[in-house]
């Protein structure tokens, strides 16, 4: 039986935060039609935010750049969406939350508890929201304090989502672990930017944003590899996964589960496609269990 | 000329601007979207301001109603100025086959994506009927284009032209059962009335509606534009949906703002 | 007349460090056949190093991963190569150097002075060499001290090449500027890794390495943009440039010149191709001068 | 079957191993490089050890001399074991045309890339002559394959078979002017002697040599393998060069180690 911080995802392929996660109905669709083993909601904060002006996402050669700016209806309004997702998705629903301080994080977590999320994912890693996300997530002290604060208000599993925009992601991962995190999630997007040369304007409404998609996979693999070595708690891998091969690679680097974000651009049923692909790979290789893949590369020396 | 998913903005230079009504202008540009289906949309980037979705009113034009910041900035542009353009995105209206009888229901600037639809239906030798509605006579858009493609019924809220009232007032008098396809675009309340009427007449199966929701990514990734209860994405699975897809939906009841909060309609 | 820290490159497109820069003859070929406006040598250190075991470079979807491990013949042996490059390339030759300490950096710089390089580029940014490169380059204090130490032994222009694998590249850029740098170069490769799923082995001999090529361009554009805002000295842009459009983009972000590395994979004359493309763009846009492009995006608000 | 630049290692499973000489073995694998030119190379990744260049001795085999760590580890592998393989890379020998007279000069394991060359030359109805050299009779590689393709002259250092001496001793006795093409692969000192002899005879223009330099990237980016004075990359512009390209080169004088230091030959 495959479990992850006590949860029982249907398979190890999970919808990443901020992707098709603004409404309960959308989360249900990703689970049912898309085949996701679990779903993470859009990151929810203490007050409604409309986010940055458009363009908020563009596709580049080999990746995507986005600066949504954490648009969200705030936790009171999101409760009804969480309830729909819990009722109809048939899979674990993880509430992604953010705040500017430890107190805001626990306020949001407590506020969402009535919606009965299966776990919380703390977004301390969004690279393009002043005072939120990576602004707090590059400080080990803040990450530890925030994690501990959320653990204080709930017994649910707490995942901490890390930014790769730091000198050493394992310091931040260790801080999350010390704060009581049940898992870390790596990676959020890389700081990036694109300019329209015809006009000279930066393309994103926010001028710069976060890079995701194929381009970041090697960075994600490296972060997961290092975190797996440094931590006791599970690492959930995310970043540039677009096929079952990518998912296997990131699991071999050390991921206990894999999140998929930008790749829903290609097709919604990428989740079932990947999990079927992994099953076939396990059979071909005569591996008893998906657990055999987790961290395998560390043994190959 | 362009790949179907030009997701990075191209530079579009305005070559001509025509005034369709006091609040609606058509901007012709120097790019040609050869492979677009009527009903698909482009994202129009008014640099330094915002990027907003617009239907294509021709292969090389958009027809814009001035409503807020981005559209006002667009109205301030002149021939020779430029904006960013990417697309076409999404699913358009299903194209009619030869001999089919088509009913088009267009309200206000909803005529923009439906005029090219009328023209391709006519080119495909379908029989085209259009109900064109607006607040007043001067707000009617593309009447000549619809007239050139087939028969047109007009309705205006103030009765300044055609039937006084709403498109539904015209619609209820027509023999809908004779139509093979019904395509609808306009203000949400209008579409909701049409929807209810077609539902009553049990002809939703042949109707298609083009929805308007707040778009962020415009490419089916972020989830800002998903509708209840299906969870379908207006930007990618739509903007055009069949009547059946919209059964038990939020249509006419609520929409969402940029933060995702539900807003009553 | 186009000048860069007092140098007169033939055009703003420069060969990046570590690319076809191990021998004098190769540097000459890149300048003459390739059309580079200036060339940077392989990074040279105090003692000969054979580098990491192979595989030392692989091509991925949209990028390259390498872990050369700073192979170099050491400065005494490299002098003869530098002399060949100076004699026959016809363009400015910038000596890239590295060391583990400020003293080693100045030893190498002094040791290469007889070869008459036109400038030095300090590699404080290689992400995969224990105790070198990014190991020193993520500390502002060390970067300032190393820059000052090299400035002490030479009057030549000193460029400092920065790593993107830090929380805030402008802190490191500012440190270089305080140390007396004449320019900064951004970016070196991003930490990355790839795993062969058939065997479970990390592909690189060094297990992990640095990501370059198209995949890193948005990261480079963002780093250059931020450095241009933060510093007074010129920024030289590098990372994922494969076409004249990319070069224009990175110049609009703030680069005074552009280095090209991995793209020599496609064709050697990429340098003249890019500089011709920029000329044509300037003509089409009626820009008097390439300087018009530098930092243009900062004006577009 | 594979793109010409499979720059990411594929998994090659050994299906058969044959012993060519006491120190040389051929490893057949389950991949087929259909589009390779003789003289191109692959990078053989002995996982956990090293990755080294090898010519393809057939579409699905490499022929390896045991010299150091990676090759010893390869020799320890059995049928069913696997290694990583990417390529083919570089420029191979120019293919001969019908009716041409070809002279192949192969020393030691240099016969590996030349045997498929002899076979395709023969298949193209060229007239193939081979000078095959080795230290001793038992070190001769692929004699039968060359013999099946045309006439073979043997030289061994110890005289255990054929002419006692070097390939140049055979070469100097042949009418080189009658040849249309000369292709050479073997130890550097041997190739340097052949080079000088052909230079004296003023036939360098029709000769091609396959060089060996230390490869790091193997894809023309890092510069580890560049030769003086041209700066040409052995891994990408070569490994096969025309005699003219090698005029005034380092051939036979020095090579470089992995650090880039010059090493006298």
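In order of appearance the chains are A, B, C and D, and numbering begins at 1 in each one.
Operating definition for what follows: a contact is a pair of C-beta atoms (placed from the backbone, for glycine too) under 8 Å apart; a residue touches a chain by one contact, two chains touch by 3 or more.
All of these numbers come straight from a predicted model, not from anything done at the bench.
Chemist: Which pair, A-D or A-B, has more C-beta contacts?
Modeler: The comparison resolves to A-B.
Chemist: Starting from the mean Cα coordinates of chain A and chain C, work out the distance between those two points in Å.
Modeler: Roughly 33 Å separates the two chain centres.
Chemist: Between chain B and chain C, what's the gap in Å when you average each chain's C-alpha atoms?
Modeler: Roughly 51 Å, centre to centre.
Chemist: Could you tell me the distance, in whole angstrom, between the mean C-alpha positions of chain A and chain B?
Modeler: 36
Chemist: Among the residues of chain C, pick out those that touch two or more other chains and give their numbers.
Modeler: Correct list: 60, 194, 199, 201, 300.
Chemist: Residues of chain D touching 2+ other chains?
Modeler: Only 47-48 qualify.
Chemist: Report the topology of the inter-chain touch graph, choosing from line, ring, star, complete and other.
Modeler: other
Chemist: Pairwise, which chains touch?
Modeler: Here the touching pairs of chains are A-B, A-C, A-D, B-C, C-D.
Chemist: With touch defined as at the start, can you tell me which chain A residues reach chain D in the complex?
Modeler: Going through chain A, the ones touching chain D are 300-301.
Chemist: Once bound in the complex, which stretches of chain A touch chain B?
Modeler: It comes out as residues 18-23, 25-30, 42, 48-51, 53-60, 64, 66, 68, 71-74, 77-78, 194, 196, 198-199, 201, 203, 205, 261-262, 264-265.
Chemist: Considering the complex alone, what residue numbers of chain C touch chain A?
Modeler: It comes out as residues 60-63, 65, 138, 165-167, 190-195, 197, 199-202, 207-208, 211, 214-219, 221-222, 225, 245, 248-249, 252-253, 281, 296-297, 299-300.
Chemist: Applying the document's contact rule, which stretches of chain B touch chain C when the two form their complex?
Modeler: Residues 47-48 of chain B touch chain C in their complex.
Chemist: Can you check the complex and tell me which residues of chain D touch chain C?
Modeler: 5, 7-9, 11, 43, 45, 47-52, 82, 84, 86, 215-224, 226-233, 256-262
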